[in-house]
Each structure stands twice: as C-alpha cells, then as structure tokens.
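Listed below are the structures to be examined.
What follows is a pair of complexes built around chain A, which joins chain B in one and chain C in the other.
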Partner chain A sequence: MRLLKALGAWLDFRLRLGEGIREAATHPIPKSSASWWYVFGSAALTVFGIQVVTGILLAIVYVPSAAQAWSSLQVLNHDLTLGWFLRAMHGWASNFMVALVLIHMIQVFLFGAYKFPRELTWIVGVFLLLMTLGMAFTGQVLRFDQDAYWGLGIGASITGRVPVIGGALVHLLLGGPIIGGDTLSRFFALHVFIIPGLLIGFVGLHLLMVLKLGINEWPMPGRIVRRETYLKEYEQLTHEGVPFVPDAIWKDLVFGAAIVAAIGVCAAVFGPFGPKGQPDPTIIQASPRPDFFFLWLFSLLSLLPPQMETPVLLLMPPVAILILLLVPVLSGEGEKHWKKRPVAVLTVLVVAVALGSFTHLASTTPWSPEMDAWSGAPVPISELKGRSALERRGALVFQAKQCRNCHRLGREGGMRGPALDEVALRLTSDQLIRQVLQGGGNMPAYGKNLSPAETTALVAYLETLKPAGRAPAHDASQP
Partner chain B sequence: MSETLKPTRRTMLTRLGILLNAGIGAVLAVPVVSYLLAPLRGKNGAPYNQWVKLGPLEQFPEGETRLATFRNPVVRPWDGQTADIPCWVRRIDAEKFQVFAINCAHLGCPVRWFAASGLFMCPCHGGVYYADGSRASGPPERGLFEYEHKVEDGELVILAGQLPTLAAQDRTGRRKTCDC
Partner chain C sequence: MSGGDLWSRIAAVAGALALVSCDLPGRPGPEPEVLRPEQVLDFATLYSQNCAGCHGEEGRGGAAVSLADPVYLAYADDAAVRRVTANGVAHTLMPAFARSAGGMLTDKQIDVLVRGIRAWAGGSAPGGLKPPAYTAAGPGDAARGAAAYQTFCARCHGPDGKGGSGGHSIVDGSFLALISDQGLRTAVVTGVPGLDAPDWRNDVPGRPMTEEEVTDVVAWLASQRTQFPGRPYPSLQPKNQGGTQ
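== the complex of A and B ==
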C-alpha cells in the first residue's frame, strides 16, 4: 500500500494531474442537482465507452469488404467463441445509447438547462445527437446484409433528389456508380474513424463546459434566469452546495451499472441483430426495413403525398437541426421550470406522440402490399359458402389476379387498399366494375388485365361480400 | 496592449511562419480534395455507363416479362455479389423490348413483377407500376427507370452501369444525355 502511494506520488510529481482531477471531482454543485434526474448524460457516456471497447473487439475480426463482410459476420456469430455476444452487446448498446441521448436531451430541455450561460453546451449536444444517429445509421450499413444494401439504395435515392448536384452527391455517397465495395469501405471509415473521432472531441468539449459552467440547478417555478444576475445566484447555490464526489456521483455510478447490466442481459437473452439475407441484389425477394430508430422516417416516406416528398426530404432535416440549434438563442433567459413552460411541454409531447405513432405504424406497414398474400392467404370458407358457380369463379379471379396483395378479406391480406369484407354495402355493381377497370383512388386500373368474363365473375363475387341480412348498396337514381 | 500590437522582428517572423504553413497546407489540399472527388469521374477515364450483354433473345419469350441479371461494367475485385445487378426485361413482340431497372422510382427498393395482374409492386412503400413501366399508384412520382437497349448478334444489350436515381434519370422519365 505504502509502495503504491509512493509510486502515485512519484508519477504525480511528474504528471502534475492530481490536483486538477481532485478539484474537478470535488467541485461543489447545488444540493438539488445531486438528483436521479441528472444521470442520463453520464449513462450515455458509459454506453459510448462500451461501444468503443466492443467496436474495437469486433474490428479485429470484421472484414470491411463487400464480398466478405457478410461471411465475416457469420463467423463472428457462429464460429468464434462468444463472438455473437460481443456483436449483441454492440448492437444493444447502440439502441441504448440512442435512447439515453434522447432522454438526456428531453430532460435538459424540460429543465431549462440550455439557458444562459449553457447555450453552447446545448449546441454541442445537438451535434452529439446527430453523430449518435450517424453512428446508428453507418453501423446498420456495416451489418452488410439485404437491409443494409437496400437501405443504402434508399439513401442514394434521397440524395439523388437534390437539385443540380444530386448525381454528383450520389457518386460521392456510394464512392462509385453502384452500391459495392467502395461504398462499404467509406461507411467503415465513417463509422470507425471519422464520426467516433469527432464524437470523442465533442464529448470532451461538452464535459469541459459542464465542469466550467457548473451543472444546472434544479429549476424552481418563478426563479427567472437573467443574464445580469444568474451567475451570482448560481454561485450562491454552489456555496451552499455539496461536492460532486461523492454526494452526486454515486447515483451516476448506480444508474450506469444498471444500464450496463441491462445491455448485457438484452445481449445474452435476445442475441445479436442479424445479419439477415446476403447483400445480393439479384435476390429480389427482399422487404427492406430500417432499424428501430429510423422506422418513423420509413412511415413518413410512405405517407407523404408524392409532390411534397422531395421538398420535405431535403428541407426537413436542415430546418429541424436549425430549430434545435436556435432553441437556446431564442429562449436563453426566463423560466426554467416545466410548469411555467406549457409550450415546451406540449412540443415535447407532440413530437413524441408523432414519432411514436409513425414508429408504431411501421410495425404493421399498412401501405406495403403483402407480396405473397394472393398465394398464401386462402379465401375464408365462409366467404365461399352458398355462392353460385359464377361467384365462385369470381373468387378465383380475385385470388389469381393478386387482389389480396392490397385488400384484406377475413383479416388476411394487404392493407394498402380497403378491406373488402363489406364492399357490397359501399359500392353498387356498376361502381365496382368502374373501380376495377379504371382504378382510381390509388388503385391501379385492371382494364387491360381482365377479360369481360373475368370482370363479370369478379364483380358478381364482390357483390356477395356483405353481412347476411343487410341490403346492398343501390343506385338512388334507379327505382 | 499597444506594445503587443507593435510589429517586432519576432512577431513578423511568427506571422511569416503561419503564412508559410497555410500556403503549404493549401497546396497539399489539392491532391487530397481531388482524391476525395475521384468517384465523380469514371474509372480510368472510362464512363460509368457501358453496353452490357443480357443474353440471347431466346431467353425472353414474346409477351412476357422476365428477370435478367448482368455484371456491372465497372467493378472492384472486392465487390462480390453487389456487382450482380438485376433488371426486368419485357419483350413486347419479336422486335420490341423494354428493360426496366429493378429499383423503384420512389426510393430504390426492388420491385417485383406480378404476371397475372400485370403489375410491378414495391415491397417498401407500396409503389405500383403497369406492365409498360408507367406509374399506376403509390408514392412514386414517375414510372420505372428504363435502360437504353439494342439487339446485337441475336443478343439483347443494354446501356447500364450506375444505380438509377432521380438524378440520373429525370422526373419525367426522359433519360439525361450525359452519363455523369
């Protein structure tokens, strides 16, 4: 023990770091800031540490080559001792990190912690959020499977919509004319060198500012932030405050440990993410889906009207980022407490509900045709009983012409178009014929692909689709 | 304050040193930037788009739409399967063909052909196209991307080589003339 102390003293005499560290560790913080609400930032940093360690461990095996990346992931999953567990840790920690960064941001926003003099801390935090999302997306690309391949295609298609320089940007994004080896190499460089390098620098800056400016005090309704008086008031609070170590840090340590344990449990129980099918574009039986934190975008892209899509895709990200950056500039003073900031609370709720609903919708994807419903989902027997020969022939046409891919019958089939269980209540036979042949309302026209006999049979069948005992739709102009 | 503003020999030399570094940095930035912009030019001066064989005409029966694949004309040795590109070939009659890109004009997902209903459907956001590639419904703004094609020595040949996007082929479906 004495030897260790002597060694420590020897080192510190030369390094001269001890005093600075001691000062930083024991700097006084307001009593109210030693709170369970102030643990999310440090937990995000802990998870980032896990990502660095597991990332380096994966990188000593992973091959960033379009031809071999997928196989190297299979080796990691199946052949290397506990390779699957490290992949699972890295994948789950990525989800936890995005979640923690978002929670940290919401907490900071609702507690008014971004106000004077911590505006720049918030702005650096916005960049940290963007880099975290950038890591999540580039990480999904390195899991070089079908989803990664077509996800890159979606990224390129969005980039290609930029006016004038779109084509050049696509080539820079892909590193060449197609999604291939050059693409994976540059995403590897982004995920492993460029973004993490920036992330480490910005995290350092973020932490330095927290140390220099002090942690935000617990907001009180009516305690207004003013540029002239705030620093003095804060000094008073820290004067009556407590040292960060040990009065506050034990909560960070406990929460951080719980998060690390949760990641480990998720990794052990649920295992690694993918890889799914091989990144072979000739296997076209693919239904690409983004990772969880980009599902809302997947929904948004399906639900926007076509003519709005390009402007929204190109303008929404810069506008959203600009708004986030301007938050502390626009409201650098005033009330901090959420009870006195109804607009702030409502904004958080609206954004959360919107993103939550979009994410939920993406789990059912009602806009995607069910590509194999026509061959996979049988017509319910109850919808065939008591039908005439012509009507049953119509049921066959209904199935063979792939109507089920977009229309549900008996709770099975696509949801792109309306369910047809009660279609006879809504449309008369004339209207059915018109709709089938001409299409409209987002339905393709089938005029060229149905013979008159097929159309007659199909419409005869559709007219039987109604609950027993209810009158079908009828044309009011006819007797 | 006023003393530090006064230029001495040493402050002059410091400024000269900074200027020297900035100058050398600017010169060295030229190769770095042109290295980064290399993907904008074709490979070794060859354009990205080249004529590629899809196979003998017998592979494509009249009146049908079939999946064909080709090796991308510009490849890296480590591209692996990613350089095998699929496309849809529609043979209208003995002479007339249409060759569609696999990528949906909306966001590039792989469209699938449904022969019985005569439609291309996209699994991502529900874009649907008619047999001739024109837009039927869903989010796409235009019809499917088409490759230029010709028949040579009994084989179908297409002009291909890059991922089709709205930048490479414009919104109306007209091909842009440059292969940038």
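== the complex of A and C ==
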C-alpha cells in the first residue's frame, strides 16, 4: 500500500495532474443540482464508454469488405463464444445512447440550462447529438445486410436530390456510383475513426465547459437569468453548495450502473440485431426497415405527397439543426423554469408526439405495397363460397396479377389502395372495368397487362365482393 | 485461501457463466436469421410463399385446384405435379416456378414442393376405383362429348352448359379462355371440392364416367371456346331488349 502511494506521488510529481483532478472532483455545485434529474448526461457518457470497448472488440473480428462483412457477423453470432453477446451489447447500447442523449437534451431544454453562460455547451451538445445519430446510421450500414443496403440506397437517393452537386455528393458518400466495397470502407472509416474522434473531442469540450461554468442550478419559477447578475447569483449558490464528489456523483454512478445492467439484460434476452438477409440486390424478397431511431423518417417519407419530398428532405434537416443551434442565441436570458415557459413545453410535446406517432406508424402499419401479399395470403374461403367457375377464375386473376400488393381482402394485403371487401357496393360493373383498365387515382392502368378474358373474370369476381343481402352499386343514369 | 483453491473457484465461475450463456434467450439460433431465398427448403414456408395464395392453405379451399384432395392426388402422378409446378400452364394463371422456365425456385425447391404435396395423400388411394389417366389418350370427340355431357353434367349445369339448378355456367368464353384442356379434364375427373361438384364417379351415382367419356366431354367443352373471349365486355353487350322498350 505504501509502495502504491509512493508510486502515485512519484507519478504525480512529474505529471502534475492530481491537483486538477482533485479540484474538478470536489468543485462545489449548487445543492439542488445533486439531483436524480441530472444523471442523463453522465449516463450517456457511460454508454459511450461501453460502445468504445465493445466497438474495439468487434473491430478485431469484423471484416469491412463487401464480400465478407456479412459472413464475419455470422462468425461473431455463431462461432465465437459470447460473440453474439458482444454484438448485442453494442447494438443495444447504441439504442440506449440515442435515447439517453435525447432525454438529456429535453431535460436541459426544459430546465433552461442552455441559457447564459452555457450557450456554447448547448451548441456543442447539438453537434454531439448529430454525431450520435451519425454513429447510429453508419453502424447500421456496417451490419451490411439487406436493411443496410437499401438504407444506403435511400440515403444516396436523398443526397442525389441536392441541386447541382447531388451527383458528386453521392459519389463522395458511396465511394463510387454504386454501393460496393468502397462504400463499406468509407463507412467503416466514418464509424470507427472520423466520427468517434470528433465525438471524443466534442465530449471533452462539453465536459470542460460543464466543469468551468458549473452545473446548472435547479430552476425556480421567477428566478430570471440576466447577463449582468447571473454569475454572482450562481457563485452564491455554489458557495452554499456541496462538493460534486461524493455528494452528487453517487447518483450518477447508481444510474449509470442501472443503465449498464439494463443494456446487459436487453442484450441477453433480446439478442443482437440481425444481420438480416444478405446485401444482394438480386434478392427481391426483402422488406428493409431502418433501425428504430430513423423509423419516423421512413413513415414521413411514405406519407408525404411526392411533390413535397424534395423540399422537405433537403430543407428540413438544415432548418431543424439551425433552429437547435439558435435556441440559446435567441433566448439566452430570462425565465428558466418550465412552468413559466409554455411555448417551450408545448414545442417539446408536439415534437415528441409527432416523432412518436411516426415511429409507431412505421413499426405497425403494413406499408404498401406489400410485395408478397398475393402469394402468401390465400383468398378467404368465405369469399369463394358459391362463386361461379368464371368468378373463381377471377379470384385467380386477382391473386396472380398481384392486386393484393396494394388492396386488402379479408384484412390481408397492402393498404396503398382501398380494401376491396365491399367494392361491389361502391362501383358498378362498368366502373370496375374502367378502373381496372385505365387506372386512376393512385392506381396504374392494367389494360395492357390483362387480356379481355382476364378482365372479364376479374370484374365478375369483384362484383361478388359485398356483404350478403346488400344491393350492389347502381348506375343512376340507367333505369 | 490457497492458490489451487482460488483457481478452482475461478474455473467454477467461468464454467457457470459459459453454461448460462448457452441458455440465454437472446442467443441466435444456428442458422442465419434470414436465409437466401434459394436456401429455403422448408415445405411449409415454400408452399405458403408460392402456392397458398391460389391453391389455399394446406392445399384446400383455394380458387385453383385443391392439391390436397385425395382424388386429385390419386389422379395426378409425381411427374405431372412436377411438370406443372416447374413449367406452369401456358395461357392460364398458373405461372412457371422453375428457374429454367423463368421462375424463382431451384430444382431442389421444386422437389421439396412436389414431395410435400404428395405427402398429403397419406399413401393410400381412395375408394379402390382407379381414376382416369391424367393425360388424355387422344383428342376426343366433341359430338360424343355432347351426349356424354347430357348424361353426366346437364343435371346441374343445364342442357347447354350455361348454368342450371345446381351449377354455374361452364361454357363462358372468358372462363374457357383461362383454363387449359388439361385443367378442364382435371375438373371433370376430380370435381371441385369447394363447390360440391362431384368427381367422375358420382356425377351419376353408381355410374362412373369412362375414360372415353371424360375425354369426350372435355373435347365438347373445348369446342365451346370463342375466338375473342371477353370481347366486348359483358356489360356492353346488348341486354335483354324488353327492358328498354
């Protein structure tokens, strides 16, 4: 023990770090800041630590080449002891990190912690959020399965819509005109060197400012932030305050440990993410989805009218980022407490509900077209009962021509077009023929893909789709 | 604590950890999560992805041929099932599934499907009476077929095939355009289980159709095909004039 102490003293005499560390650890903070509400930032940092450790271990086995990436993940999942657990930890910790960073941000926003003199801390934090999302996206790409492949395809298509330089940007992103080995090398460098390097630098800056400027005090309604008086008031609070170690840090440690345990449990119970099918564009039996933090974007893009896509895609991200960056500049002073900031609370609620609803829609709605509905879902037996030979042929046309990719029947099928269970109540035979042949609304014309016999059979079948005992649609111009 | 004791404890803990890690629910199964489509060799998966839409779940209740119908399985042999699955039936809605014919399935997968469909038979032919051959011996005679039709079919489908007391029209131009002669033969021999249309033995109880009668009836049905089926669309054809005058 004495030897250790002597070694420590020897090192410290030469490094001169001890005093700084002691000072940082015991610096006084306002009593109210030693709170359970102030643990999310440190928990995010803890999870980042997990990501660094598990990431390095994964990089030892992972092969960043288009030909071998997918199989090296299979090796991790199946051949290495606890390799699957390592992947699961990295994947779940990534989800937790995105969630914690968002919660931390909301808490800081609602507590007014971004106000004078901590504007720059917030701005650096915005970049940390962007980098966290960047890590999440590049990490999903490194999985290099079908989701990754098509996710990249969508990312490249969005980039390609940038006016004038779109093509060059896509080239830069993919390392060539198509998704291939160069793309993976690029994303590997981003995920392993570039973004983590920046992330570590920005985290350091963020922490330095937290130390130098002090942790935000617990906001009180009516206590107004003014540039002239704030520093003096804060000094007063810290003067009556408590040392960070041990009075506040134990809460950070307990919460951080709970988060690590939660990640471990999730990893053990739910296992690693994918890899799903191989990233082969010739495999068309794929229904790719982004990871959960980009699901909202997935459903937003599905719901937008086509002419709105480009403006929204290209303007929304820069505007959103600009607004986030401007928050402390525009309201650097004034009330901190959420009770006195209804607009701030409403903004958080609206954004949270919007993102939550989009995410929910993306994960539960059977997005159309549902490409295998025609082959996987039989026509309900009740919808074939008592049908004539011709009508049964029509049911086959209905299946074989893949009407069901967009239309539901018996609760199965796509939702791009209307459900057809009661179509005979809405459309007469003439209208059905016209709609099938010429399309209209959102529907393509099928006239060239159906023989007259097929159309006749199909319409004969569609005319039977109505509840028993109800009169079919009637052409009002006819007697 | 002695050194040996410590090491044995560490070994015990490591062993327990390894044991636990085997049974964790998150551990992925031995197969990749998603197989390449051509590696799928499970009959239930292949059938539900490729066949169930038209032939119904478990080969019953679909609009197309009931593959699990014991009469059908006694009537169609392996070669026939394989040929139709692999190459499809031209001019009908049965597509080709073999890669060699432009489909998506490998020969191995076709094998799995044929074997799986055949397994529905359960190994026993029904009723003792041998069904007519799957393939017709000759072209058949439409005139004799018309007579056989009156004997065996007219009771339900009406004297001219346009529908009657128990059955629907089977001479509709569009219907005949979407079914092959072989498909008509299958329908005559096996009936249509979903519609209670009887098989070749029971059209007239106690008097099964002979091989020739089946062939002739199919020839007569085929002779009812029209040159331009479905044209003009039925709703554009002049309706019963009585209503408009």
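Heads up, the rule we're going with is that the second predicted complex is superposed on the first by the 466 of 479 C-alpha atoms of A that agree within 3 Å, B and C clash if a C-alpha of one lies under 4 Å from a C-alpha of the other, contacts with A are read in each partner's own complex, and residues count from 1 in each chain.
One rule holds in what follows: contacts are C-beta pairs under 8 Å (C-beta built on N, C-alpha and C of every residue); 3 or more make two chains touch, one makes a residue touch a chain.
The shown structure was predicted, so the numbers you read here are calculated from the model rather than taken from an experiment.
Per the definitions stated earlier, placing chain B and chain C onto a shared chain A by superposition produces no clash, and the two fit side by side. Touch criterion met: A:452 reaches chain C, while chain B stays clear of it. Shared-chain residue A:411: touches no atom of chain B or chain C. Once the two complexes are laid over each other on the shared chain, residue contacts for A:162 go to chain B alone; chain C is not touched. By the touch criterion stated above, A:67 is placed in contact with chain B alone, chain C being left untouched.
In the overlay built on the shared chain, the residue A:400 is in contact with chain B and with chain C.
When the shared chain is aligned, chain B comes close enough to touch A:279, but chain C does not.
By the document's definition of touching, of the two partners only chain B reaches A:306; chain C does not. Shared-chain residue A:2: touches no atom of chain B or chain C. Contacts of A:442 after superposition: chain B is touched, whereas chain C is not reached.
Here the vertex is the CA centre of chain A, and the angle it makes with the centres of chain B and chain C is 70 degrees, a multiple of 10. The minimum CA-CA separation between chain B and chain C in the overlaid arrangement is 7 Å, rounded to the whole angstrom. On chain A, the patch touched by chain B and the patch touched by chain C overlap at residues 278, 280, 285, 374, 400.
By the touch criterion given at the top, residues 74, 77-78, 81-82, 84-85, 88, 145-146, 267-272, 274-278, 280, 283, 285, 372, 374-379, 381, 384-393, 395-397, 399-400, 404, 429-430, 433, 451-457, 459-460, 479 of chain A touch chain C in their complex. Those residues of chain B whose C-beta lies close enough to touch chain A in the complex are 36-37, 39-40, 43, 48, 67, 69, 72, 74-86, 102-103, 106-110, 112, 114, 116-119, 121-126, 128, 130-131, 136-141, 161-163, 165-168, 180.
Contact residues of chain A toward chain B in the complex are 65-68, 149-150, 153-154, 156-162, 166-172, 174-183, 278-282, 284-288, 298, 301-302, 304, 306-307, 309-310, 367-369, 371, 374, 400-403, 405-406, 416, 439, 442-446, 448-449. The residues of chain C lying in touch with chain A in their complex are 18, 21, 24-28, 30, 32-37, 48-57, 61-64, 93, 95, 163, 168-170, 172-175, 177-179, 194-195, 228-231, 233-235, 243-244.
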